[in-house]
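Chain nomenclature is as follows: A, B, C and D, assigned in order of appearance, with residue numbering initiated at 1 for each chain independently.
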Amino acid sequence: MVKVGIIGAAGYTGVELLRLLATRPDVSLEVVTSRELRGTAVATMFPSLRGHIDLKFVAPDAAELGQCDVVFFATPHGVAMHTVPDLLEQGVRIVDLSADFRLQDVAVWERWYNTTHHCPELIKEAVYGLPEVNRQQIKGARLVAAPGCYPTAVQLGFLPLLEAGLVDTDYLIADAKSGVSGAGRKASVDFLMAEANESLKAYAVSGHRHGPEIEQGLNRYSEQPVNLTFMPHLTPMIRGIFATLYAPVKSGNEVNVDQLQELYQQRYKDEPFVDVLPQGIHPATRNVKGANYCQISVNYLPQNGRIVVLSVIDNLVKGASGQAIQNMNIMLGIDESTGLDSIALIP
Amino acid sequence: MVKVGIIGAAGYTGVELLRLLATRPDVSLEVVTSRELRGTAVATMFPSLRGHIDLKFVAPDAAELGQCDVVFFATPHGVAMHTVPDLLEQGVRIVDLSADFRLQDVAVWERWYNTTHHCPELIKEAVYGLPEVNRQQIKGARLVAAPGCYPTAVQLGFLPLLEAGLVDTDYLIADAKSGVSGAGRKASVDFLMAEANESLKAYAVSGHRHGPEIEQGLNRYSEQPVNLTFMPHLTPMIRGIFATLYAPVKSGNEVNVDQLQELYQQRYKDEPFVDVLPQGIHPATRNVKGANYCQISVNYLPQNGRIVVLSVIDNLVKGASGQAIQNMNIMLGIDESTGLDSIALIP
Amino acid sequence: MVKVGIIGAAGYTGVELLRLLATRPDVSLEVVTSRELRGTAVATMFPSLRGHIDLKFVAPDAAELGQCDVVFFATPHGVAMHTVPDLLEQGVRIVDLSADFRLQDVAVWERWYNTTHHCPELIKEAVYGLPEVNRQQIKGARLVAAPGCYPTAVQLGFLPLLEAGLVDTDYLIADAKSGVSGAGRKASVDFLMAEANESLKAYAVSGHRHGPEIEQGLNRYSEQPVNLTFMPHLTPMIRGIFATLYAPVKSGNEVNVDQLQELYQQRYKDEPFVDVLPQGIHPATRNVKGANYCQISVNYLPQNGRIVVLSVIDNLVKGASGQAIQNMNIMLGIDESTGLDSIALIP
Amino acid sequence: MVKVGIIGAAGYTGVELLRLLATRPDVSLEVVTSRELRGTAVATMFPSLRGHIDLKFVAPDAAELGQCDVVFFATPHGVAMHTVPDLLEQGVRIVDLSADFRLQDVAVWERWYNTTHHCPELIKEAVYGLPEVNRQQIKGARLVAAPGCYPTAVQLGFLPLLEAGLVDTDYLIADAKSGVSGAGRKASVDFLMAEANESLKAYAVSGHRHGPEIEQGLNRYSEQPVNLTFMPHLTPMIRGIFATLYAPVKSGNEVNVDQLQELYQQRYKDEPFVDVLPQGIHPATRNVKGANYCQISVNYLPQNGRIVVLSVIDNLVKGASGQAIQNMNIMLGIDESTGLDSIALIP
């Protein structure tokens, strides 16, 4: 029985962890924290969990959390870094869904998150929790930094192209569209339904915090540094990320669609949660709603020599809580797909 | 040229007043206030108004407002009552979109709004701004209390039945469904799109502030006091109120559908903004989206002797800002439909 | 291993059966039929099922279906009645999600469905598949008529009140609001997103086919025949039914809220899928989205002696496919909750 | 009084023409056609038009249409080309909202629309109705081909950059997101609300009919032929197009944001319906919902030398019916903004 704690359990990624873990017979939820809601029963706050979870929210307490095998941080950035060192010392394994340990270059992190990092010495140890890239390192890890939602969709989409050196990395575009749950469960005018529904906009146009995280990954997979334009958009749906990725074929390279299809299928043939769609089937976010899959379609436009990759995930599942659990499974040597095989809710 | 001021112009009813007034050649917007946004250009805050409104939000100032012919209060309850007496003394006409002057019984008001009324002496003078009932009184009024959104839809739906004494007033039901803009433009978790979309719920189940307002009206139109159950629901759309009204035919009365249809058509035949639908056409909220109409369908169920009235409005137009302007037009002797003839946005 | 066939598997209730059954280790999907899509791989049509279902749609074939232990009809009315007799003879158990066997009075059925019934002799044998009422009869049944979506929500909501004889059955109102998936997956202008989103309407105002089904149930639970007004509404969400039920307390009866709460809790205390909410918590459809629960809140309005019950389900789960599987589990002596314990998708 | 006919008036662009024209005192709607709905009152079909339009749909009749000053074709492609020659001969001016006369190269048209063109001799005469480019030619035109929705947003966004020769035209990307009303008002499974809401997808990935139309325009504005990747997406909202346009600065060019801002403001300074947003304000589709504006934001990313232009319109207004009326106004010498000054519906 894996004893689990969740810090920041009242936000959307926290509640999604609860949803995904509550029915697992091999997991025991021990501590779920929310400073704001402490004392309130989880199932009172979230009646969808009635009959499934019998705990109350508590304030985070190091001793209590220290009894857990695994602790998830479903917190805003800047929280985990203060508690992680203590928990690691108590032998707890950590999956951090926030950004605190995602960037290896602490200076970049501090610039984008506008904070001094509290434990830069742990950054090196932290493993970036993209199983499709780092499965071996995750196995032995004490501290996993679960990737952001956009970075998951964009990296999985570009990865095979960059590893194969097929595209001109000077002209990469990632036009990404997100549902509103990515903004989290906090009082705000901008994400009121009357503001966000029936509208669409780009945001963080001059630069988004997920940009450097994506570039860190792409530069690792590519022989040459990439010039990436990453543009996030807010779209009127609750869940889902749709990333449209554009790359020109590298000059001098011959490319055809069969070769691309084969490249993607080979790269992901052993991946339980990356589904390369056959030619002629294109993804839609609803096909992964509530599920841990990334569905990818690779397309070649012969008329102008461009490759267009379409990559979709549920931002709260493969883009956050599902992937975090996938990491936990790997860390603990549990079958990687345990508790993650549910099917998308359609319609 | 009518000089107009709007207090609380950054909320949804305020912005809707701006939308409806900005293109009128006979109206000059003089002062638009918002404490929070003072100093910000209106069109910076609401880019839909670029090119149409060149003002900045200012803090409310009695002297400046005193220069206006009409001042609209698009504020939460409890604000207007503090400023209205002063403005009236300066000769300004007031249309209050808030609840401060809607209830004639100050004790009832104070109980429901949990506040001491600041100028109870003005309540008697205030005219309840439902033109279909009080047109003559509105003409001479200095102070009009514009009805709430639910009360507009429910009263217009029940009115002919009660005036005609056709139904058993002991068993009235008003099941009302509202879009989320009714909650206003303020930071809140409950009205986040991720919370409110793809869901439906009743709220204020034990009693809603619009209940006594509706009862005050119905009791006035009816010979006997009514027993009304009013139940509001939050539905996943931005604009619109749909009121489904149930009443049993009074014992001993014979009713048929032609008679009911005739009753409604007669009652509203001179009303520019109440549209009695013919038998066989039922209303949908989208048919009045952005428009000042109330569409009503009256139905008789011969199998069980029940009358069902369907009444729809746009909560921000006929349920708030459009009706407020209709009141202003009447108060000032302008043609009542001026600036209110635009057609619903479909699809 | 239970061998299962699904007829009409390409509609929404069919796909929902697939979603709920595909991950069950004790169920083997043998035949999924769709005349229109025969020859197409299920997972090509519904990419959310990739990796989970490896079948192709076939045309219905009696011999093949005869090999199944259970066959679900997820068809429009008028289909099942032609095939059921043959399958029963081959020893197949039937769960019919359509209306063919729901009404015990064949004349009423024929009037509402405007068709001659093909096997009226089986109507008597058919068990109405509302487990909360008919669990014992379902156990031995060969043929179960799964209830409609509205009838499930409305009957479960009114049931304890009627059994207890607490309310005046002359004045029952069921104001019901449904998501658009209730209309099924078929080409139509009325249910285009551009028509149905951002709008709300009543429909079937003069009478809906679920009316007689609901009345049949309520009359059975009640000592006196009921006078019910049932009014369905189309609301802009994909899944969910919200039923708001109104009843006056029977003259002479004393009622208080504790007694009502106790009544409902007692009635449903052994029901795995009916969740009586405590006072102060009211249901929202999203709390059961994708889950097999009916959440019910009973409220007493002391100011006017009315009882208001709020009852919510997911129309495709407890209102259709989930309840159908619950029936299958009971028929076969499998634990009733098997495969039905997943938690609602929030947000 | 301008006598107007509308062919195909029951589709979304047809109804939008009705909405925009019905309240104009200088326009008389003479003939509105719909083969399917002939004999039905327009206001019965579209109750939002009750009190505004008193016509019935009729079948198209050349003689009747010949009495009009202007006829709009709001038809699918392949219809207008059969009737236009006859109407032109009768002296009627034509604004064709369909694709029949948009492409100057008839071979390209025939390939993309898979039809033989019926009157290729008129293609040369037809003026492409983008007033920001062709205002002078529109003035004298008998036949105007109103641009498609995507082409309007994309061309207006790229135009100043291409005219100025600032960008490397080998790497243009137009990632465009549309609301569902773009698909028209016709029975279809793909655009059911249960299919299209809460989801997002790319479509026509290998090539969309608006691609050659856009390229025709961009090649005209640019000194060098463009290599454009145009990718349309379907998003869960009713109205709106959001085009995100990417271009690298031409090698050797120095660019800064002030210069770009100035370039766009200069280019569009006399355009009544193109609104160049100041730096720091980015567009959202809701800001033009129901209005004839194109709002554009030009952005420079110094970190990687890329220009990103954001261009939004309402697909049914500036992307179709509003622009068609703007063309009519210009053709007839009426003030260009007449009837087009209404403000977007927010929220």
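Annotations for the structure displayed:
FYI, a contact is a pair of C-beta atoms (placed from the backbone, for glycine too) under 8 Å apart; a residue touches a chain by one contact, two chains touch by 3 or more.
Just so it is clear, the structure is predicted and the values come from calculations on it, not from any experiment.
By the residue-number overlap criterion, the interface of subunit B with subunit D counts as same, with over half of its numbers used by both chains. Interface comparison, B-C versus A-B: the higher count of C-beta contacts falls to B-C.
Seen from the C-alpha centroid of subunit C, the farthest chain centroid is that of D.
Inter-chain centre distance (subunit B to subunit D, centres taken as mean C-alpha positions): 36 Å. Per-chain CA centroids place subunit B at a distance of 38 Å from subunit C.
Look at where the CA atoms of subunit A average out and do the same for subunit B: the two points lie 45 Å apart. Multi-chain contact residues of subunit C (touching two or more other chains): 12, 181, 185, 194-195, 197-198, 236, 238-239, 283-284, 286, 289, 347. Of all the residues in subunit C, the ones that touch subunit D in their complex are 12, 179-181, 183, 185-189, 191-198, 236, 238.
Residues of subunit B touching subunit D in their complex: 12, 15, 19, 22-23, 44, 46-52, 181, 185, 198, 238-239, 275, 277, 281, 283-284, 286-291, 295, 341-347. Residues of subunit C that touch subunit B in their complex: 171, 173, 175, 177, 194-195, 197-203, 205-207, 227-229, 231, 233, 235-240, 242, 244, 246, 248, 282-286, 289, 297, 299, 301, 303-306, 308, 310, 347.
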